[in-house]
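A, B, C, D, E and F are the chain letters, set down in written order, and residue numbers restart from 1 in every chain.
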Amino acid sequence: MSLSKGLDKYLLEVRKLNNMGRWATEFMHSRTTVSEHSFFVTQIGQMLALIEEENGNTLDWGKLFKKLLNHDVVEAITGDIISTVKHKSNEMRNMVSVIEKEIAEENLFCNMEEPYKKIYREILFDGKDESLEGQILKASDHIDALMECIGEIRLHNKSPFVEKYYIILEKLKTIELSSVQYFVSSILPEIVSGCGEMNCE
Amino acid sequence: MSLSKGLDKYLLEVRKLNNMGRWATEFMHSRTTVSEHSFFVTQIGQMLALIEEENGNTLDWGKLFKKLLNHDVVEAITGDIISTVKHKSNEMRNMVSVIEKEIAEENLFCNMEEPYKKIYREILFDGKDESLEGQILKASDHIDALMECIGEIRLHNKSPFVEKYYIILEKLKTIELSSVQYFVSSILPEIVSGCGEMNCE
Amino acid sequence: MSLSKGLDKYLLEVRKLNNMGRWATEFMHSRTTVSEHSFFVTQIGQMLALIEEENGNTLDWGKLFKKLLNHDVVEAITGDIISTVKHKSNEMRNMVSVIEKEIAEENLFCNMEEPYKKIYREILFDGKDESLEGQILKASDHIDALMECIGEIRLHNKSPFVEKYYIILEKLKTIELSSVQYFVSSILPEIVSGCGEMNCE
Amino acid sequence: MSLSKGLDKYLLEVRKLNNMGRWATEFMHSRTTVSEHSFFVTQIGQMLALIEEENGNTLDWGKLFKKLLNHDVVEAITGDIISTVKHKSNEMRNMVSVIEKEIAEENLFCNMEEPYKKIYREILFDGKDESLEGQILKASDHIDALMECIGEIRLHNKSPFVEKYYIILEKLKTIELSSVQYFVSSILPEIVSGCGEMNCE
Amino acid sequence: MSLSKGLDKYLLEVRKLNNMGRWATEFMHSRTTVSEHSFFVTQIGQMLALIEEENGNTLDWGKLFKKLLNHDVVEAITGDIISTVKHKSNEMRNMVSVIEKEIAEENLFCNMEEPYKKIYREILFDGKDESLEGQILKASDHIDALMECIGEIRLHNKSPFVEKYYIILEKLKTIELSSVQYFVSSILPEIVSGCGEMNCE
Amino acid sequence: MSLSKGLDKYLLEVRKLNNMGRWATEFMHSRTTVSEHSFFVTQIGQMLALIEEENGNTLDWGKLFKKLLNHDVVEAITGDIISTVKHKSNEMRNMVSVIEKEIAEENLFCNMEEPYKKIYREILFDGKDESLEGQILKASDHIDALMECIGEIRLHNKSPFVEKYYIILEKLKTIELSSVQYFVSSILPEIVSGCGEMNCE
């Protein structure tokens, strides 16, 4: 096989996340790319982790950052299947999950050599589990979506972002981390202020 | 129910096709929207039909145009699931097809009243069957994709569009219409000329 | 002449409609291209025709779709002369009309062979006459413009789109089709709702 | 009338030139706006004038800059009628010229008060005459178009910009100014170098 | 040296102003380029000068236009250092000013021959002095910034543009020209009208 | 002070990196934002670290990711001063560094409360030191720039990206990490292949 062990292909695939916009079916004043989303999710997760530490909890920073940074890399290969479709049914969710793995095998890992094949396979599919780090990832993904909604609403693009905001906020509140509770009660109200149409009770 | 019988909602949903770009994971100099794609597929289908008529075949123009114009409208609701995913397996294709119908029911038809509900349900899901009109739709969809590839290659954006060009061309050639044979043998070579990297044998 | 009979050139010219934005002198949050406009006008026309049929009228679907789909194709060659200029005077309108035909002859039809030359010449210049199909085209063109105004106003881009909205609405109301009356009285109010600045009496 | 004497309206109209792209029917990697074009034409004219002075000619700098800066301001009101149309015939050119003046009167000057009405009317319609300053304007307009072609060709966007390049170059060469001859013989070859497809003999 | 005396390089550098957007750190609905800014500053300066003449003052139009047109050309080489940084301290301002000159020498003038080297060196660094023309430049630069703020506020992009508007307005008012006073008291209120959130006392 | 301890302000400032494009003075087919750059630098750093571990070296993953993720956050406040300016002289570099800290204090930290103020102050200014993690950051920053150059060259945008490519490659080679040597000798040649204009010896 090649000297590069397939790592060149990995970098070129990841770079495609720059081409992919989120919320594909909606008009947005400021459509973020999946790369920008991944960066910001990682920033949010870093903040939640700092708050967790202040609250006396400990976490594995290396594990956390890997989860945050890589959680959407597979989309470079599969595209961003909108969540209405992905979460339509358990059957669909499982099907998508299986397919994503197959496509990643065929388009990415089949060209990668050990030990990197094993390492990246773990990294790319190690996501939103019930560990503290997994929960922080789940919360950060929701918080980034909330902030995208807020950004649009502030610029008067209300439909469908006001409605989405409340739906996502409800999901966020179900995550029982002290950092999330602090975000919802103390940080979010400041972010939303001046955005008269909303409250975040 | 409302005086509008849900027709306002239909128009607003279709308009979302302006927001949706094709080939989501690739860099493109000129990314077309699903609306632009639908327009051009209809133009190509019109041309193929004129050629069929010159060859002595008859077709139902109303049926043809409805197929061409509406073949991607459902994507306004489901997003553009990239074809690598959609066509990964028969199981996936069927699953996607079922889900698309369910989502269309829940987000579009549930708000529509008769007789329009029945009419649009037929229009939106009456696609690439084996009728002459259905085959023209299938061919037009491929030809538009070919022309998108050619447009990018002409501007020196070769990867992955040269490869895609040849894959799509093979699919096109399997459609046994005289208009398609004429397109491949006589029109396509002129379109490709000046695009030195390719031939279209 | 060439094997393609000039049909390659026709497709390449039509594709230019993807490059051309509407309302050239105004700032827009979401500028549609002439291709997107043509697609949506055809969708609106399809809806008006369905409503006409419900009202017991009959129409020629093939003729209708050809009018709708092709009504702005000539602009690919002449550019989109803004309507303030085009409709400045009868003299100007006639002059523009004559020039458009000459330019189409020189840049498109001179390279096209029979029978396609005759067919496309008819298709491209068969527009807003007094037939039912011609009136549906005229109405659809206005309704698309209305919806572009509404889209901008909803995003707080009020000047000059509020003013344009009312001007176009008046023109629409002069078209005496039952489908148009139904659109104005029953569909438009739903579309405008939530757009507090306007009413559509 | 208003305290502003209509000068607010003038500024708001001129600002629309930021919205208007040139070469409306063509794909461009880098479409310039009419404002950017006007800026660059003025820069080119400044250079030609400096060269003229080096050659011992004298010119009226105030008059020159006014011609250069304002030569396309009227387009903010009329839109950019593409030159194929505008220069189709003498009759068309005269017609467009008359209409442009009428529209400027109705949309701009009717709201302006003296003395500014008289001053701006002169400024906006004092263009490409046979004075040295008028000829510099004409040459600068061509040179900017040449440089737009070169920019696209350099990025591999050859059709139709190679062809346009040679047509415009011929027009430029008909202007008998020493600064233009110097530009064509000594500056242009350097600009074109590295752009292998062209020479500028 | 070359026949072009380095003038080709000057034109290519200036053209880069088309690539550079203003207000780099803020979201804007309509981000102007440095070329568009330069064009509009020159238009504003022309208006202020006409008003000065009406008030009986005389000015050197050639000198004025050169100041207006060229005041940001050096940015094509140095980039647009945001003003918060540039004006952080006198030390910083002086440092930036020295560096800009050095970079211009190394990247532009070192390739230019006399007499153009001397002429352009004067033109590019002859800016906001205390002459009438220099004061008009300073005022025009502020007025363009005000109008960019107004444009964004009108489209509901209030933060940080409302705050910036008032800061810039205060700076503008410190310029003691009768044309500026007229602009502030009589033209600006008309421009701002309909933009309910602001007054311009 | 506020309940949010200034963390809301931090998130809003970081989000501005989505607005900021890199290589401000150059035309680019695909201009990346500072957020996208930060994401990709972190991906590259993760890869280099995995290679270091394979080579038997150990590193602090938490420390590494913090360096990678946050290395350009301060630019959200100061803007992206182009490197030609920043690295013009030691004096300039020091000056910029001092100013950046002052501006961060005034615009970010003055609103932040302990303990976060102390933590983020460390995170944001802990960059390219001589630790293994600091060297990986430095290398990753160069590799991302290389890949931006390659992306443009592949699309035929050669000037100035071919020249920049070689300059950056030289800088990269001065970093004496085994992962960097492996990247240069084994991964980069694969990435560059098909990009005929370059070699990467």
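Operating definition for what follows: a contact is a pair of C-beta atoms (placed from the backbone, for glycine too) under 8 Å apart; a residue touches a chain by one contact, two chains touch by 3 or more.
Everything numeric here is computed off the predicted structure, so don't read it as measured data.
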{"item": "Both-way neighbours, i.e. chains that touch chain F and touch chain B", "value": "A, D"}
{"item": "Most remote chain, CA-based centroid, reference being chain E", "value": "B"}
{"item": "Between chain C and chain A, distance of the C-alpha-averaged centres to the nearest whole Å", "value": "42"}
{"item": "Rounded Å distance between chain B and chain E, as computed from the means of their C-alpha atoms", "value": "49"}
{"item": "Chain centre separation in whole Å, for chain D relative to chain C (CA means)", "value": "31"}
{"item": "In chain E, residues with contacts to at least two other chains", "value": "18, 27, 29-30, 151, 155-156"}
{"item": "Chain-level touch network, classified as line, ring, star, complete or other", "value": "other"}
{"item": "Touching pairs - complete list by chain label", "value": "A-B, A-C, A-E, A-F, B-C, B-D, B-F, C-D, C-E, D-E, D-F, E-F"}
{"item": "Residue ranges of chain E touching chain C (in the complex, touch as defined)", "value": "29-30, 151, 154-156, 194"}
{"item": "In the complex with chain F, residue positions of chain A that touch it", "value": "2-5, 7-12, 14-15, 17-19, 30, 32-33, 35-36, 38-40, 42-44, 46-47, 50, 54, 61-62, 65-66, 69-70, 115-116, 119, 147, 151, 185-191"}
{"item": "Parts of chain F lying in touch with chain E, wherever the complex brings them together", "value": "16, 18-21, 24-28, 76-82, 84-85, 88-89, 91-92, 95, 99, 102-103, 107"}
{"item": "Chain D - residues contacting chain B, complex", "value": "27, 29, 155-157, 159"}
